[in-house]
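Worksheet for the structure shown next.
All chains are identified by letter, namely A, B, C, D, E and F, in their written order; residue positions are counted from 1 within each chain.
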Amino acid sequence: MSGLTHLDENGAARMVDVGSKAETLRKAIAGGRIHMSAKALGAIRDGDTPKGDVLAAARIAGIMAAKKTGDLIPLCHPLSLDSVTVDFRFEEDALTVQATASLTGKTGVEMEAMTAATIALLTIYDMAKALDKGMIIQHVRLLEKTGGKSGTWRADQ
Amino acid sequence: MSGLTHLDENGAARMVDVGSKAETLRKAIAGGRIHMSAKALGAIRDGDTPKGDVLAAARIAGIMAAKKTGDLIPLCHPLSLDSVTVDFRFEEDALTVQATASLTGKTGVEMEAMTAATIALLTIYDMAKALDKGMIIQHVRLLEKTGGKSGTWRADQ
Amino acid sequence: MSGLTHLDENGAARMVDVGSKAETLRKAIAGGRIHMSAKALGAIRDGDTPKGDVLAAARIAGIMAAKKTGDLIPLCHPLSLDSVTVDFRFEEDALTVQATASLTGKTGVEMEAMTAATIALLTIYDMAKALDKGMIIQHVRLLEKTGGKSGTWRADQ
Amino acid sequence: MSGLTHLDENGAARMVDVGSKAETLRKAIAGGRIHMSAKALGAIRDGDTPKGDVLAAARIAGIMAAKKTGDLIPLCHPLSLDSVTVDFRFEEDALTVQATASLTGKTGVEMEAMTAATIALLTIYDMAKALDKGMIIQHVRLLEKTGGKSGTWRADQ
Amino acid sequence: MSGLTHLDENGAARMVDVGSKAETLRKAIAGGRIHMSAKALGAIRDGDTPKGDVLAAARIAGIMAAKKTGDLIPLCHPLSLDSVTVDFRFEEDALTVQATASLTGKTGVEMEAMTAATIALLTIYDMAKALDKGMIIQHVRLLEKTGGKSGTWRADQ
Amino acid sequence: MSGLTHLDENGAARMVDVGSKAETLRKAIAGGRIHMSAKALGAIRDGDTPKGDVLAAARIAGIMAAKKTGDLIPLCHPLSLDSVTVDFRFEEDALTVQATASLTGKTGVEMEAMTAATIALLTIYDMAKALDKGMIIQHVRLLEKTGGKSGTWRADQ
């Protein structure tokens, strides 16, 4: 027994059966950052001034990707999300993202939050790569989950 | 002028016109890693023994995601990829991924390689999260690109 | 406060949280028309005689698009539709479409009905554009919605 | 009256309204096989030894396709599946697949099981076609369904 | 003979064979508008001030939809677009959209431009419908196409 | 060495590199059938009379699925198809489908033709399953391919 719930007793991949699980309110928050040069960071901040399209595009991309999680991650259940939000914060040498997803359902939304955060960061990479190809996506992780049988979990600080 | 090619002179997002660019052979390699507990790493390694489904699922997910890049990243061109490969390596406290994409076309495949690497890592997170919710995706970056007008670029070691 | 529910207090886009809303039966009807030359209209009518493929293709396209609404409209929730129908009527200088969508859920299906109507009209444009590039899509609007907290709404005649 | 539930009284296609149906536990099992040369069968079996990627890829493809059923089959409802599994068995001159899907919902999952089985078989065809273009997909059918108003149904042996 | 190129001699739908057509630079411009109340128009304008998310979301939605045209319109060819842009203009009682698509290829991009314009307008409807359900999408049409065997075409003013 | 081109020397799945292959005209024809009761067959034939929606829906579904082949079959390249057609023929106890796909490109379209045939058959199953759950999809196979380095191949009669 490997402890990996997505493998059956023969090691074959499967979508775990959630049919007998209760519908509860579930929420997950994921975070991450993209480290970049001062030049790229400045361009995003400035490009952002008139129309907000850089962060707006990344936010929209993250929200839309959360809805596609079941289409991207092979063994994720397709979910009817209640909400998704994606927020950014400028740091000295990086842009930080935090994504929150929630639903009332039988299975958690950790992957939806993680996917939203990741695709938002990739979108920023795409939009600024003409200025800095060496940007690095760092520290993408689950920050918190609530609801479900296993209850609340929080990442170490 | 922000220097961000995906914004026009008003800061509005656009898909950059590649109509006048030449078709050349282009290739990109992206890498990343997912840090995890010894327990999760061992389970993936063992779960991998009989049927290979953990890494196989992550590899397939990464390859399929590369083909969806234009559907995920708002301003990416839809591309006819020539090839995609995704490889893993076990390290002491992490699993490392390297993704390579290539095409003969007018625009580069950096985002396709980055997307393949990222979704492969997210799939590993999904399959092992029952054992370790604290896994962290780290150091996702472009390692190398060749072809196109700007020629070869390699990340600093 | 802009009154736009898809923007938060900072003006950032978000998917509105419907977690606390009740599941009720909701229905929406949208309509629209495509104005065209007598020649194009006649060809659709005649092409329709033997196999019905023009309107059949547009109807199928509209129904399938309703199911993709959450994938097309950035801040729409992914919904489990109960039903979708798409109907056409020939007028003197136009073809009229009416699309109906319904579900038992937490949020309305206005966008699903609007998307079905619109994509059905675009499909007709595509299939007849060899005869008349000057066709015009007109008067696409919500005709009626029922269910949900805001209750019934009907467009002015 | 044709008896075809997907056509209305005029013969027009529609997505059947399931709004008044009860949510019950529903399950469906579909099976099929792909007949091939001894050489192709041996290569899959051997290719399968070290990493399992042939059957693993086909299994993942089948599971992912089950989630896309509503996007592929025009009049299928989009469903929130509880589980999907795909299993293979080697026979003398063929590889057999069995796919199971389940949900708690208003409509059955026969098409999800049929789609998973079919796409898994097509993936095997794709991966072995360099060795044997003459492979034949055979006997794809529903084996069993349970739940819903019409209750249990089993295929003749 | 109906003159409808998407129907064969029996009236059956088909994707027209473009195999023998030459690759040329092709471009299409589509336009449309959404009529709305002063209140909704003002909210979009104001909501647009701080972060630009309303028009930014609609612009991104239009660009992404152009890339999905072959997935939405049954008989459209999947195309490798060179560029897509979406622009808005405020009028007294409406918001106007203009979408441009181009590629170097065997078939025109009229449907891509039309789809981008339409989905951008639907996104605006979605984001402002809490303020005005009676908004009407009007006058969606092809404004201009260039390239290909049939050459340049312009809509009547 | 397994002879399976989709596995590398370690048995890991990969998308085969077609970068150095020449662009030639390639075509593939696939066939299959769905065996059913006289009652179901009659209903499809009759349901087909007024509006043609049963076969029209299956034809559209097959054509649209051909365009999604790269999204369904993990290691298929995304292709820019030149044409797709899907045809049906009534037999005594079955409905037969034949699908043809073509492109000018670096890799064959066998999987596109096979996918079109299969999804067309599944759509017929879906639309007639209320009358006959025991329908069986049979004999799905490649009938012919032309073009490419390996030249012409035809199935045994």
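Before moving on, here are some points about what is shown:
FYI, a contact is a pair of C-beta atoms (placed from the backbone, for glycine too) under 8 Å apart; a residue touches a chain by one contact, two chains touch by 3 or more.
Going by UniProt, the chains are A, B, C, D, E, F = Cyclic pyranopterin monophosphate synthase.
These numbers were taken from a predicted model, which means no experiment stands behind them.
Traced through touching neighbours, the fewest hops from chain A to chain E number 1.
Interface equivalence for D-F, evaluated over A-E, B-D or C-E, points to C-E, where over half of the contact pairs coincide by residue number.
Chain centres here are means of the Cα atoms, and by that rule the chain farthest away from chain A is F. The chain with its C-alpha centre at the largest distance from the centre of chain B is C.
Averaging Cα coordinates per chain places chain B and chain E 31 Å apart. Chain centres here are Cα averages; for chain B and chain C they lie 36 Å apart.
The distance from the centre of chain A to the centre of chain B, each centre being the mean of the chain's C-alpha atoms, comes to 15 Å.
Annotation for chain A: residues touching 2 or more other chains are 11-13, 50-53, 56-57, 59-61, 64, 68, 71, 74-75, 78-80. You'll find the chains touch as A-B, A-C, A-D, A-E, B-D, B-E, B-F, C-D, C-E, C-F, D-F, E-F. Contact residues on chain F toward chain E in their complex (touch as defined above): 25, 52, 56, 59-60, 63-64, 67-68, 78-85, 87, 102-104. Those residues of chain C whose C-beta lies close enough to touch chain F in the complex are 50-53, 55-57, 59-61, 64.
In the complex of the two chains, the chain D residues touching chain C come out as 8, 11-19, 70-71, 74-75, 77-80, 105-106. Residue ranges on chain D touching chain F, taken from their complex, read 2-7, 10-13, 32, 39, 43-44, 46-54, 56-57, 60-61, 64-65, 68, 71-76, 110-111, 114-115, 118-119, 122-123, 125-131, 133-142, 145, 153, 155-156.
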